[in-house]
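One structure is given here, and the rest of the page talks about it.
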Amino acid sequence: MMEPTLSHYLLVSGALFSIGLLGVIVRRNLLIIYMSLELMLNSANVALVAMSRFYGKLDGQVMVFFIITVAAAEVAVGLALIVALYRKRQTAEVEDLATMKL
Amino acid sequence: MELAAWLIFLLPLISAVTIGIGAFRSKPISAGISIAAVVGSFILTFVMVANGSEFPDGQGPSPKVSWLRLDGLSVDIGLKIDGLSKLMLCVVTGVGSLIHIFSLGYMKEDRDFSRYFAFLSLFIFSMLGIVLADNFVMMFIFWELVGVSSYLLIGFWFDKPSAADAAKKAFMTNRVGDFGFLLGILMVWAAFGSVSFDVLEKEKATVLCGLAGFLIFCGAIGKSAQAPLHVWLPDAMEGPTPVSALIHAATMVAAGVYMLCRVFFLIEGTWAMEAIAWIGGITSLMAALMAVQQDDIKRILAYSTLSQLGYMVMVVGLGGETNSDYYKITNVAGTDAAMFHLTTHAFFKAMLFLGAGSVIYACHHEQDIWKMGGLRRRMPRTYWTFLIGTLALCGVPLFSGFFSKEAILTVAYKESMPLFLIAVAVAVLTTFYMTRLFLVAFCGEPRSKHAEHAKESPVVMTLPLLILAVPSVVAGYFNMHAPDPLILFASLIAVVFGALLANSIYRNATDDPLPVRLGFIARAMKARFWFDEIYQWFIDKVQERLAKLADIIDRWIIAGLLVRGAHGSTEFAGRVLRLAQTGNLQTYAFWFAAGLAAVLVFALS
Amino acid sequence: MGDQLKFVQLEMMVVALGLLVLIADLAMAPSRRRLLGYLSAAGLFVVFLLSFRDGYTALVNESTEAFFNSRYKVDGLALFFKRFFLIAGIFVLVFAVDFSERLRSGMAEYYSFIVFALSGMMFAASANDFSMLFVSIELITITFYILVSFQRHRLHSLEAGVKYLILGAVSSAFMIYGIALVFGVAGSLQFDDLHAQQSELIQSKVFLFGMLFLFAGLAFKISAFPFQVWAPDVYQGAPTPTTAFLAVGSKAAGFVLLIRLLVAAVPEVTAEWTSVLLVISALTILYGNLCALPQRNLKRLLAYSGIANAGYLLMGIVAQSEEGTVAILYYLAGYLFTVMAAFMIINLLTKEGEGEDISCLSGLSKRSPFLAFAMTLAAVSLAGIPPLAGFFGKFLLVKSVATEAFGNTCFFVLLAVAVFGVVVSIYYYFGIVRTIFWGRRKADEPTPPPVTIGLPVRIVLGCCVAAMLYLGLLPNKPVKWAETAAKVGVTSK
Amino acid sequence: MDYLFFIVMLPLLAGLVVGVIPGDRIGAIRGVTLGASWLTALLSLIAFCSFDPNGGLQFVTEWTWVESLGLKFYLAADGINIGIIFMGAVVAFAAVCCAGDVTHRIKEFYFLLNLMICGILGAFASMDLFFFYFFHELALVPTFIMIGVWGRGQNRNYATYKITLYLSFGALLALIGLIGVYVQTGAESFSIPDLMKAVEEKPITESAQQWIFPLLMFGFGILVSLWPFHTWAPLGYGAAPTATAMLHAGVLKKFGLYGLIRVAIPMAPVGAQGWLEVMAWLALANLLFCGLVAVRQKDLNLLIGNSSVAHMGFIFLGIASLNVIGLTGAVLVMIAHGLLAALAFGLSGHLYQQHRSLDMTRMGGLLRKMPLAGTALLMAMMAGCGLPGFANFAGEITIFFAAWSAGFQTITVIAAWSALVIGGLYMLRAIRNILHGPQGDDWDNASDAKPLVATAFGLLLAMLLVFGFAPNLLTKRINGEVEKIVRLAKPEGAAPEKVEVVRR
């Protein structure tokens, strides 16, 4: 049982980020897409925490707090928006959201 | 004297301008001004010649006006006055005056009477410009101006399509000649760095390559209607008859010959000389042949003019020995003979034309000789003067033409046998067609009621004829040399033979028997050897097609393919790029990721 | 610490104003709410005036070491942009009041959110540290999510909101991941530290990787190729005042951060990336202008032209010289007034529901000569034809690039593209002018009545026109201001 | 006495006045504009006469505009532009006289017309590169709008777009070139004299010149319809209202040539070396190709348009030959052609007004119908085919001499052919079709030029004749300046050391 090093954390966060991005691109349901977004944000958090641990500096962790807060705000706004949209269109599928194009 | 010189030059311009500005409202005034101007120039010329004031070479009458002064190229408007130009002045102003007076009657009824005189004055001015020019550029300037004034006069009755076309043709043909002339001037300037005759002559500048000389001669080919640019002269007869007499017999067409004599020192001793001589010879022969089968009285005279000009050009080309005390006009046999013939020819040919004009006037603008006849009794003065003219032109001894033609033959005999023979042949033909014209038009019975009711023209028209008759007879004596018996013999034979032949064929003939007898040859002569047709073909098939091609390229390739193409492809690119905007946010997210990936690759590799 | 708050006094005032508006809303009778808009505009104007106080401008020379140990800069650049944003905010508020009956509900919130977004921009103007950068950006973005989707009864508005939300979130995700990586290499979040050790950092691929992620985030804000796709849809769907604010405010915010980062903090990295930036700028110009060609919807048209303008502005970054920064500042200043005027006029001419088709401009010269005049000026200025602001701005940008071009010939490619872009843009702007003056309306439809313009809007438009002419005709002083701002901006530490 | 300032500002003032006059007071609007342009012409005449050929820069007005960039509002006259300004002012007056054919939105038209005149005169009067460009654009914008709104013909929209895009493109290319000059001389100033001084001390590096010259050559070339960038010209002029066509074809178009002489040649002589040959050939293409195209035209306006494009060839040839004679000739032709083009378009405008078509095949005999206009047209055509007595001849023959001595013999030969023969051909055909022959169908109710218009024609013709009879009036002014430029431009004069600039 080996000690996890910085690179492991980074690998994890990178994986999370990619998964999130993939989700944003391929999933059709707005809510799921939104979750994938959260995943991307948090992957960054993982990386930051790991780094600040590595450097023994607090900046990173402070940053993480900022990000969490911001993410919360984003979620609040985002969900409200998605709900409003659902009320109007009775759907949360992305394909239905292409009235403006070209 | 200097003032006089400038006045000679400027009087016609002044008259032209005044008529143009305001005087044209009143016919008599404008005619008066114009005639006064030209006569004034004539008198002044006469005075100047009389007290024989030579301006030493280099400085003509001051002040020289500087027209253009740049380093390396400076052009003055200055007058060159020497024997040559003085002689020419006499011819131009003298004949000019008489023709002005003649026109007074001939154009009486014309509604554009004033415009006519304005143009005449303009022409005289330009002609004097050529005569007095003391450098190439100035000569070229007036060369062009002469061209345009002749354009205006030929196209004087511009409502008549034929006249308008003839004018256009004349101008364009001249332009082709001038093209060569300009290049010649450029070459001379490039070679010697000056355009002034005096400077060039002082430097004894001889153009090393004959090309420049020949190019300059091109100008003469155009103006003096040498082959192959002779086609405009016959058509130019569409103009009023006095104009034909003045411009297309006496003065403008002679300008080419005059110019050659003026710049003889440049062409001397180059291959250009042979070229000139042969072109002259060929022209004279060809024109004489064509004249044989023409029926329009003015055209016959026009072709005879052509062939006489051919004579002059030929003899200039032949050059010959130089002997300053023997020759009075220039010190070279060729140019001397040329100028001599030019002078006499100017008088009698002008008279012939005016005579023709008087005939035409009397026959209510009938020009076909076969519709005339029997005018002898009806218009005696015209008849007699015309006779004198004919004799002079044929070169019957004791008439002016005899001496000058004899001078030419002498030179030809000395310089080149083939050209001499051509010259003699031309002499025969000349007598032949002139006799033909004379017999058909004046003798025999009237062949149309116009001819029957013809009556003598008013005195204002016949007076110039009578006046011109004098020099036509005597002009030969001022430069006669003891004739070489052989030459004398040859020319006499030529005259007699031609006259008898024509007499045998045309006495009391009612129509022309030659076509029947000669067939194709006669047709070729009548059709003027199809020159016009060939040119027309060239213009339609080559020139027009070239223009058409250019137009197509311009319209379809440049403006169409390239410009509209660029426009279209831009628009298209826009429409294509827009397709990226699918409206689906996941596509957008994909673009985002893909774009970033591309940037990463581009930046980090 | 307390006295150190003087550095953020303006921002605090603005935030307070926003809160005040929210509170006042409770007290206000619904009929008089429009007053709030004017009041807050007035408030912002006061703040704008206060920004000229010697007491405040003196701060430029003070070090903010003690305050957030200089993660927050108050320098010429910051000052310039704070004022810039304030003006924009004032205009947008007046605009919003004029717009408010189309909001149906919550107009007070609308005003306050505008104010909050403004405060975010003002913070961004001074950000000198990644945390500051991130927070301010997010403050702007999140408020904009709301502002964009504010007309909940309009599907377009909601759709635009969602698109902006998702893509914005993606971009910020990339940004913070980039921040994480940069932090990982540099071990600090401060620009100044980056500046200090850039020459070592430039060696590390990971660092550059992170910087590119960051750049992507900012490029998204300024809608630069290939991160521009969101712009047309969002611009079209959003309520017009929001669009205007988006076009001017958040673009400018993006640029101030780009300047801080690429020009001030890590110039060496920028030099490394010259070709990348060059290509991006060129492609942005091309994309914007070409797509605008066939566009008939005015708001989308302006969105595309906005993309193109982002490309032109990037030229200033590419130049990597003080001249370049000056040019950017000058161009943005001109852009503010031009675009604001354009959107206001479009808003006045288009009614709720009906699309913003270009044909709505036809016959404007008859309906309202003043609007026609203003719109023409806007179009001409955007096309970059003298004697207007747009021309002089473009002139400066081109000049800054040309200065470098003779050393590095691939800059000529950029110049060529820029010229081509301008010509193309002239084509469609000229189309606008044509419609205004001799556009044909269909025979059947009646000629619409003359447009009625409220006094405040009239004033704002007047200011815009005056500013366009002033910046175009008498650039002497403005150039000086821009130069002072740019100087401080570039030579930071 | 700084005449130039007033010459440039009078039209602007008139424009503002027109702006405040109510739109229905047509008489007042026309009167103001006419008066102003007349005054401008008068002033320019005074300036022209009181100009001292060896007095250097004169009538100077100099204000700093943006000192940090070294921009100045700097009006001054020297030998080269004084003549052009004079010509421009006269043409402007003539154009205003001929503007009577505009019937709707008169106020706007005259406002734009005044603006355009101001721009034109300003462009030639200013010695500061920025304003040189600025004024040019100021004149272009009204041009576009005028063609768009008051233009004629069914394809006027296309014409408007085409001319707009073409000219903008050319102008921008040139602008980059100009900026290049500014940047590279390091004079930190846009004023031409300063730049000249800077270049005299230390010429622009060769590598930079290799960029600057082509930029300027093609940029300006497009503005002057250098082949093959010429197709906008006939189309645009065909669609433009009379006054606009007169002003643009006559004066504004010369901007590019002026720029070439003023900036491109002296600033980037080394860059020029390689390109002058090209320019000469393109000039030949102008002369020959566009001449041939003109031969094919049935529409008078297209004919005039193409012929004026062809005439540009002379000027390019003169510039390309790069010697005192050539450049002087070029300026000479610029002025002459300005007057001629204005005259020609004025006449065609008059004809168009009589009978809404310019189809030459349906004309004829108009010399009888309208003696004044007819004679003017006849003389214009004659001037067009380079007849002595008109200013064009003086310039053209000078250019022939220059080109020949510059070693372009072949080109000169073909150019002379195109000038003398092809030029003569289409001009004479036009005369034949329009003025000569029997009267064309349904031209009965055509009327001759009104006094005002006739004055304009007369004035232009008079100028053509005066400069034709005494080209010295112009050359002795032009010569000195041109010599300066040539001294700078000649390779032996200005061969900069080969330095590669390094980016900092």
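The chains carry the letters A, B, C and D, assigned in the order they are written, with residues numbered from 1 in each.
By our rule, contacts are C-beta pairs under 8 Å (C-beta built on N, C-alpha and C of every residue); 3 or more make two chains touch, one makes a residue touch a chain.
Everything numeric here is computed off the predicted structure, so don't read it as measured data.
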**Complete:** When A-B and A-C are ranked by contacting C-beta pairs, first place goes to A-C
**Message:** So, comparing each chain's Cα centre against the centre of all protein Cα atoms, which one is closest?
**Reply:** D
**Request:** Go ahead and note the Å separation of the Cα centroids belonging to chain A and chain B.
**Result:** 97
**Asked** Cα centroid separation between chain A and chain D, in whole Å?
**Response** 65
**Item:** Between chain C and chain A, distance of the C-alpha-averaged centres to the nearest whole Å
**Value:** 27
**Message:** Between chain B and chain C, what distance separates the C-alpha centroids? Give it in angstrom.
**Reply:** 78
**Request:** Give the residues of chain C that touch two or more other chains, as numbers and ranges in rising order.
**Result:** 162-163, 166, 170, 174, 232-233
**Prompt:** Which residues of chain B are in contact with two or more other chains?
**Reply:** 578, 581, 583, 585, 589
**Prompt:** Which residues does chain A have that touch at least 2 chains other than itself?
**Reply:** 21, 24, 33, 97, 99-101
**Request:** If two chains touch, include that pair; go through all of them.
**Result:** A-B, A-C, B-C, B-D, C-D
**Complete:** Note: in the complex, chain C contacts chain B through residues 162-163, 166-167, 170-171, 174, 205, 208-209, 212-213, 215-216, 220, 225-227, 229-230, 232-233, 273, 275-276, 279-280, 287, 290-295, 424
**Prompt:** Can you name the residues of chain C that touch chain D in the complex?
**Reply:** 380, 385-387, 391, 395, 398-399, 402-409, 412, 415, 419, 422-423, 426-427, 430, 433-434, 437-438, 475-476, 479-480, 483
**Request:** Over in the complex, which chain B residues touch chain A? Could you list them?
**Result:** 578-579, 581-586, 589-590, 593
**Item:** Of chain D, residues touching chain B in the complex
**Value:** 162, 228, 231, 235, 289-290, 292-293, 295-296, 324-325, 328, 365, 367-368, 382, 387-389, 393-394, 397-398, 400-401, 404-405, 412-413, 416-417, 420-421, 424-425, 428-429, 431-432, 435-438, 470-472, 475-476, 479
**Complete:** Residue positions on chain B within touch of chain D in the complex are 66-73, 137, 140-142, 144-145, 148, 155, 158-159, 161, 164-165, 167-168, 171-172, 175-176, 178-179, 182-183, 186, 189-190, 543-544, 546-551, 553-554, 558-559, 562-563
